[in-house]
Amino acid sequence: MAINKVVANAQEATKGVENGMTLMLGGFGLCGIPENCISEMVKMNVNDLTCISNNAGVDDFGLGLLLQKKQIKKMISSYVGENDEFERQMLSGELEVDLIPQGSLAERCRAGGAGIPAFFTPAGYGTEVAEGKEVREFNGKPHILEHALTADFAIVKAWKGDTAGNLIFKAAARNFNPMMAMAGKITIAEVEELVPEGTLDPNTIHTPGIFVQRIFQGVDYEKRIEQRTVRQKG
Amino acid sequence: MALDKVGIAKRIAQELRDGWYVNLGIGIPTLVANFVSEDITVEFQSENGILGMGPFPFDGEEDADLINAGKQTVTLQPGASIFDSATSFAMIRGQHVQLTVLGAMEVSQNGDIANWKIPGRMVKGMGGAMDLVASAENIIVAMMHTNKKGESKLLADCSLPLTGVACVTRIITNLAALEIKDRAFHLLERAPGVSVEEIKAATEGKLIIPDNVPEMKID
Amino acid sequence: MALDKVGIAKRIAQELRDGWYVNLGIGIPTLVANFVSEDITVEFQSENGILGMGPFPFDGEEDADLINAGKQTVTLQPGASIFDSATSFAMIRGQHVQLTVLGAMEVSQNGDIANWKIPGRMVKGMGGAMDLVASAENIIVAMMHTNKKGESKLLADCSLPLTGVACVTRIITNLAALEIKDRAFHLLERAPGVSVEEIKAATEGKLIIPDNVPEMKID
Amino acid sequence: MAINKVVANAQEATKGVENGMTLMLGGFGLCGIPENCISEMVKMNVNDLTCISNNAGVDDFGLGLLLQKKQIKKMISSYVGENDEFERQMLSGELEVDLIPQGSLAERCRAGGAGIPAFFTPAGYGTEVAEGKEVREFNGKPHILEHALTADFAIVKAWKGDTAGNLIFKAAARNFNPMMAMAGKITIAEVEELVPEGTLDPNTIHTPGIFVQRIFQGVDYEKRIEQRTVRQKG
């Protein structure tokens, strides 16, 4: 038998999330975000959060819900357009913002989970991002030293998961979820479908259960589309 | 006549080569996918984790879990693959993507690019742009030659915070195709009906004009 | 009577706790999997890319593609997962594995370990051992108390090239269970029928002996 | 249509492998090794190779076949037991050997493919492995700086592959193959089953085709088992 990670729901999963903590939240735009846990944290009214997430949601969905209620003290992101309330809080100085190149953000999360405290990357050299960072040349090209990121809680969303905590993501909803799952001191996974251990093919697992401490089957996923672009048939 | 956005996209499509993996930024670059020659095969990479990205879905077939880096609903081509963001930027940083096309607010004659921030006014973030421009060997900027106030976007030095340093190799604007080398913009082609004088007037940075500047051929 | 290899494995199995992920090295450590208490659930990680490793396959059901880090054919438990070597060592280096059990040629009172090389005579390589010992918080060494010549393997300082520095927390030998702290071996338990004097004689490094040294309970 | 990477066979796939080159070869022990390409290189009689591979095969199989014919100048590996000819060549000084902790080897290959020129790891600190390397403390713990590895050719073995170069590995035969596929200037994949593009589920691909330049369906796989361990029924 595998180690059982199942908890009842978002309420039980987010137990221990406290004011002032650092959270990682998976997703790209509104795709693959942990909707249930975000709603729960709005209810919990937990404050002064530092949120590491590629984006900050939109005004009335995703992390935008926590921003509306001013529960977030600091955002660590790569792209924060599409959110007026965010821009207002940032420009007014209410919200601290640390903007990081998207690839460096992904790699820093992975590094945090993988026990790699720091690595060199060319991204951001010669820009504001490099300010105060060590620069070193490799193969004739300047690189900057970036440090690992970790979080008190990593909160991810998967398509299918099993009781052992193994996760399979669907299509582009994978994005940052696997690396963040690695980097949480406690990692919470909410899944669309929770199945018994032994149901998922071990060869197709995206996130091995070792990275997940709590898993539950989410409810009422809205899965909002930010930019509905289509073409007409014929 | 200066090119419109579609014209710029068509001209950029001429830069694609058979067997290339290509990352297209948001805006004009996205349109390039519509004009790939039928004689070549390219695959589009979207930095949120897709290789082999296809066109928009048919109405009613959108999938919230299948979007591109611009958050638009898309489809997958046969032979596509999905991966996480770390692997996606491993492809980019590791120079497995042959061409990056992206927009810009300013480009300098040194190949510097600025496209993520206007201090005090707009800060959307760099997204994947800093990784892309720091890594790619072949970066084409797609943009209007001048901004809304009519000021040149091809400058001696960028005035806005940089996205990357000495990285842009080619620029396709509504007026011209240019190459960047030896700290100067080298004029390659004029947009149909656009004169060298017009281009000169719209370019603030150092512009090298060869004796013969052919007109672009756009279908 | 001193423990045999099976006895050492049984004693180590008592160190396992419910909910732990455990990496077992080659040799005696591998045997530990056979003696896990039915009251707890642990999962075994094999650094070649398996979590949830099961027992050897039934005769005739071996799969060349399913081996452990010792190159032995194994099986998967329900809830198992497969991953590449980089992800496997991400688990190890990132301290997601709660316990590592491995063999050693020498251990010092400082917790240094040597197990990969005898200069001029044998160099098999460190395999994953250096990553494991540099990363794990909880490292148990399973070994005989003395080598074939009867010389102590619990030393003041290792004489062989090190695998890791100040990393071993506990040692289970054929004679005793010991903890390493404050630059000394602290005797915890005697193997059944083994006297403190025997352990003292077989231990070269600094040995701290409490007033009461209970005898191991091995089924 | 996706970019087509198909070549006819091992002979065509290994075109361009020349004396003195650096190769990466996937596999762990004899599990998941590129048997067809190894045989081909024995035939080609290419020499002075530097081979990056976790192990060095056994006397009469895997990389042992190249060692027998003294085609390998240098091995970069983590574990090289189980091979008498290897040990003989190493102790006599005929063969250069660079031994690297297994996790560092895996991460250095990944880094090579991912454009990360160097990273810090705790593995090997205080040992021979750290000699001449930069040491830096992070979170109170010493780490050493390790550099990326790349190769002229990376040669990997997969279970299934498609014409676009996408690969799926089987069980523990995955091991080093995905990272090495990333790190080759030219990556050759030999597969047990080659299928048309569109056949494999994009969500289950282990190595995206972008990392593979040449793919072919291998023949006559022996898939030798090094340690056949079994239990009896009942």
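For clarity, chains are labelled A, B, C and D in written order, and residue numbers in each chain start from 1.
Convention: a residue touches a chain if its C-beta (ideal position, glycine included) is under 8 Å from a C-beta of that chain, and two chains touch if they have at least 3 such contacts.
As the structure is a computational prediction, the values presented were derived from the model and not from experiment.
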item	value
Mutual neighbours - chains that touch chain C and chain D alike	A
Most distant chain from chain C by Cα centroid	B
Rounded Å distance, chain A centre to chain C centre (Cα mean)	36
Separation of chain B from chain C, taking each centre as the mean of its C-alpha atoms, in whole Å	56
Interchain centroid distance [CA atoms averaged], chain A/chain B, Å	28
Junction residues of chain B, two or more chains touched	76, 82-83, 86, 89, 92-93, 135
Contacts with two or more other chains, residues of chain D listed in rising order	107, 110, 114-116, 121-122, 170-171, 202-203
Which chain pairs touch, all of them	A-B, A-C, A-D, B-D, C-D
Of chain D, residues touching chain A in the complex	107, 111, 114-122, 136, 138-139, 143, 147, 168-171, 202-204
Complex interface listing, chain B residues touching chain D	19, 21, 41-43, 45, 51-52, 76-83, 86-87, 89-97, 135
Chain D partner contacts - residues on chain C that touch it in the complex	46-50, 55-74, 76, 82-86, 88-89, 92-93, 112, 117, 120, 123-131, 134-135, 161-166
Residues on chain A engaged by chain C in the complex (per definition of touch)	1-4, 110, 112-116, 162-164, 166, 182, 196-198, 202-203, 205, 208-211
Parts of chain A lying in touch with chain B, wherever the complex brings them together	28-32, 54, 77-82, 87, 90-91, 97, 99, 101-107, 109-110, 121-129, 159, 170-179, 206, 223-233
